[in-house]
Amino acid sequence: MASNSWKSNVILNVLSFLDYKTGKFIIAKSKRVGTLYRVIQLSIIGYLVGYVFLSKKSYQAKEESIQSAVITKLKGVAVTNTSESGRMVWGPVDYVIPPQGEAVFFIVTNFIETPNQKLGNCAESPGVLDGFCKIDEDCAEGESVKAGHGVRTGRCLRDNGKSSGTCEIYSWCPVESCHKPQDGHERMSMLREAENFTIYIKNFIRFPKFSFSKANIQDTDDKFHLKKCHYDELLEPYCPIFRLGDIVNQTGHSFQDMALKGGSIGILIGWNCDLDRDHSECQPRYTFTRIDVNGSSESSGFNFRHARRYKSDSGQIYRTQFKVYGIRINIIVHGMAGKFCIIPTVINIGSGLACIGGGAWFCDWILLYLMKKREFYKHWKFESVKKKDSNSPNITEHHNSPTEDTKQTPEEQQLTDLSTEF
Amino acid sequence: MASNSWKSNVILNVLSFLDYKTGKFIIAKSKRVGTLYRVIQLSIIGYLVGYVFLSKKSYQAKEESIQSAVITKLKGVAVTNTSESGRMVWGPVDYVIPPQGEAVFFIVTNFIETPNQKLGNCAESPGVLDGFCKIDEDCAEGESVKAGHGVRTGRCLRDNGKSSGTCEIYSWCPVESCHKPQDGHERMSMLREAENFTIYIKNFIRFPKFSFSKANIQDTDDKFHLKKCHYDELLEPYCPIFRLGDIVNQTGHSFQDMALKGGSIGILIGWNCDLDRDHSECQPRYTFTRIDVNGSSESSGFNFRHARRYKSDSGQIYRTQFKVYGIRINIIVHGMAGKFCIIPTVINIGSGLACIGGGAWFCDWILLYLMKKREFYKHWKFESVKKKDSNSPNITEHHNSPTEDTKQTPEEQQLTDLSTEF
Amino acid sequence: MASNSWKSNVILNVLSFLDYKTGKFIIAKSKRVGTLYRVIQLSIIGYLVGYVFLSKKSYQAKEESIQSAVITKLKGVAVTNTSESGRMVWGPVDYVIPPQGEAVFFIVTNFIETPNQKLGNCAESPGVLDGFCKIDEDCAEGESVKAGHGVRTGRCLRDNGKSSGTCEIYSWCPVESCHKPQDGHERMSMLREAENFTIYIKNFIRFPKFSFSKANIQDTDDKFHLKKCHYDELLEPYCPIFRLGDIVNQTGHSFQDMALKGGSIGILIGWNCDLDRDHSECQPRYTFTRIDVNGSSESSGFNFRHARRYKSDSGQIYRTQFKVYGIRINIIVHGMAGKFCIIPTVINIGSGLACIGGGAWFCDWILLYLMKKREFYKHWKFESVKKKDSNSPNITEHHNSPTEDTKQTPEEQQLTDLSTEF
């Protein structure tokens, strides 16, 4: 090829770069396929607009990792009267463990007190399986009692006449009495007033991706209202002060049962924020669930032991051990924020359009392989470039092969008749 | 159709499977639409390359759920001098609650001490609204004082001559004096030296999806440097030792105010890691924010009460109650890791290409419905397959209908003239 | 144009809306490009089906923000014998800090006891650099000793004859002896039995997006089994009771070392749930890692101080300070749930199809710019709409320009010859 022709070629190519090239279409007057295609087209567009964008808001970038800080404060007083320590007043200082207002805390509603424990030898409590013995040999010295209170001294203590007893152990004596709190006269939990304790929850959240911060206490709220309001799902959905009794009831459990054996409750604070809307619409939703029951209630209940140590003037340490039953509150904050973002929008639109293209491909496939007139349509859709001397692609022999020409033409004729009748 | 023809048909289909079929295009010499199309094309490619990939790194799979473990250790000594307990030394053992180095902890900077409380009867503090009374009937026996310190005994205590007083309650007596810490001579917080306390933060993180772990303490750091360095945003951005005073200042609040009434501070540790880069580039960023002020400063301030119990040799329990004000530190770790992943890459490229296709559709629409020469273009773009005996699609009558032929041809003639003049 | 023609035009347009318009293709009998295209097509489809859907399950909506509540309970008894406080029994009450069964807790395995500390003046411990002095002037009164135990009184205490000593400080005296726990006879940690302590972990999780909840304790498990089983990676992968010794061993560290100097261990509970499967297949996986060692073991080890306060009958406060070394357990729950969702499915399919389209574009590019017969293919693919009076696009001069016709035709002729030889 001559170089000057190439030059012009280049120039013309540059020019023709701005020509608009658009695909050539053939109109297959098949109303069936046409309708099918339109249906596909419309259903995808409908899905895109109705479901993806309006319902699911997929035009938004989502943030699921929420930052949260929780401060809690309890109020309420209870009085107990026990044989061990007489009449006692319980304030938040006494019944909240730990006292420093964390997101996970424990409220004492019931307890077994074992006062004046001293280090020494005494009998393992009969409640401990591993503590039983018939003879001293059952109590190997120095071995600790499995799930027990101390280490064996080597002696087996039997009440006179009895054939079996429990090993003597070196431990904090006397060991805790193993009676369960629901035995006998103690069927009721001891801090009955716990039902009226109030929990004040301050929750501060932040969505780092959008650097959006909010608290569950509104700036606008008048402090006086905050002082006296109580959360109520319908009346006071945004009041951050909760009655313990209400919380337990909302989980569908009885307060007295729970107070007796203890339990673990989750206060879920959900923040679902559409940051395209006004920020004031981003509000917490509180839900309450008991998290220590999964089917079998046996595994439920919550208690732990702690001790207070004292020293006599003689310098000897003694302690009061408490086995406390109560309600463990677990404040779990979760949330999701969404804000318009171009990338997910383009992705959804783009893939939607591509699926419409896929629909077209599907319709082509029906047109060219299932329809009665498929050969005819194939013939029109596909133009063979083998020949040069044909006047028009339409009269070039069928693309499959020249050998068919003779067969083809009549067939096509008949197809055309059909098509005109159609 | 004869079966042998079918056979050849099949064979030829198999062969023609490897023929490359490409769409036939018409060149509409409309520079306007052509330019529009090129603009759309280029802008989408630019958006894809520049914004999606270079700026937003959307070729990466992202992980937002970071695993983190935090260990903290405080150093510093303060001395206080109070009427109640004289000169006292405060070490970390005394002012850090809880002491075991957690991610959420409290530093005492101020306190009200109420020593030698014993269980008994005394007057409710005048600070409690619900405690006021004029006559004994105002103090129903056994009822607990709302937001108060104990349960009413049924008597109303009035200083002689006064018409009103407060109910007598059974409680830990004497009840806490209600003077606020900022009254009178105590305008200053008590642990002034708290400003110089240092917090050593060890933070260990992990991105489970990429099983990538890191700590905020570099292996390379010489221990001696770690011992003496202090965090500074510019000079020492990676030193994990923080002066309490600096932290408060960075939140834009005055240390003395905060130390006086207490407050809650969040130390945000942000890990934004591009795991395609070298791991050493994955470094924490520390930011400090006060999280207990949202607009109204009334809701701010932080304090709680705790008590220390003692027993006299007579076995009677008495306690010292502390109402402690201080700074609650909340170490919040967040982060995001990204690593190249084929799926999001394909999704973004694919949807981008699809949008270019959408642009073509849009340009077609303009070409065929808005341009002056639309009929002419339609005629070329769409080839009717109704007729068989036409020499060429170009001369078949306009696709709309035969009835228009007569009208059409002159129109097209004229259009063509325009097009040639164009 | 006449209005009636417009009317009919409109009607016909409405009718022709249901005509199926499909792109016209030309068959370029280039087996090379055809094969390339098929390869691209198949590889994308293979990637989509095999990798995206089968392997990566990208047809699912994913949730990474898991809600979790953890309850822990320890069992085991240890005995220690120290000069300071003689023979002592350690139960969970004593060695678990804090005692209330949280997700982050500390197990005492070793300790230094400093009994009977009283507020007063004494010498700073020689272990503190900042405490050294030669003359009283080195001990400015009122200044606190950096990283020390108290505030200087202004005197420098020197053993007789010695040239240097340590400042006298006002502090809890005597100050803690600075001997490390691994010195001399104490090479072994004191709570050796800690190796056999057991940790019972209850973990309750929830995926808010799918409102799916589960616990690591199965409803079906018989309680008796739970009582006696021990976690074992192979035999008992779902038993929630862990031997402390096993945990440490699984991290690849020696228990005795760790018990001696302390350390921090992470128990990772991973929930990877395919919610399209049966819920019973959603099971936790436990992994154990030591999180306080990053390369340099110097930074490892974990300890903190706490004190127990007592009051003599004279009312003077004295305390016993414990520097406790031990194992800090950090239970970190992470997880991901996936459930079929139409949106990601459409996105992946759509973008896959679009990429196939991109492949076609790429093949076109090869066909039209790299192949020997490119001009010939261009000529067929692009149909110029400039002329009206041509019988067929195929014979219209080459789209580049009329000026080339003369040059073109022979060239094309020759190309055709090639193509027929091809």
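Going by the order they are written in, the chains are A, B and C; count residues from 1 in each one.
We adopt the following convention: a contact is a pair of C-beta atoms (placed from the backbone, for glycine too) under 8 Å apart; a residue touches a chain by one contact, two chains touch by 3 or more.
Please read these numbers as outputs of a predicted model, since none were measured by experiment.
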Seminar exercise, completed: Overlap of the chain A and chain C neighbour lists contains B
Seminar exercise, completed: Taking shared numbers over all numbers used, above half giving same and below half different, the chain B and chain C interface sides are different
Seminar exercise, completed: Expressed in whole Å, how far the mean CA point of chain B lies from that of chain C is 17
For this session: List, in ascending order, every residue of chain A touching at least 2 other chains.
Result: 16, 21, 23-29, 64-65, 98, 310, 313, 347-348, 350-354, 357, 377, 380, 382-383, 391-392, 399
Seminar exercise, completed: Listed in rising order, chain A residues that touch chain B in their complex are 16-29, 63-65, 67-69, 71, 73, 75-79, 85, 87-89, 91-94, 98-103, 193, 202, 204, 208, 213-215, 217, 219, 223, 308, 310, 312-313, 342-343, 346-354, 357, 376-377, 380, 382-383, 391-392, 394-395, 399-401, 403-404, 407, 411-413, 416, 419-420
Seminar exercise, completed: Touching chain B in the complex, chain C uses residues 1-2, 5, 8-9, 12-13, 16, 21, 23-31, 33-38, 47, 51-52, 56, 58, 64-66, 97-98, 104, 106, 119, 144-145, 147-151, 170-172, 264, 266, 268, 270, 291-292, 294-296, 298-299, 302, 304-307, 309-311, 313, 317, 321, 328, 330, 332, 334, 336, 347-348, 350-355, 357-358, 360-361, 363-364, 367, 377, 380-386, 388, 390-393, 399
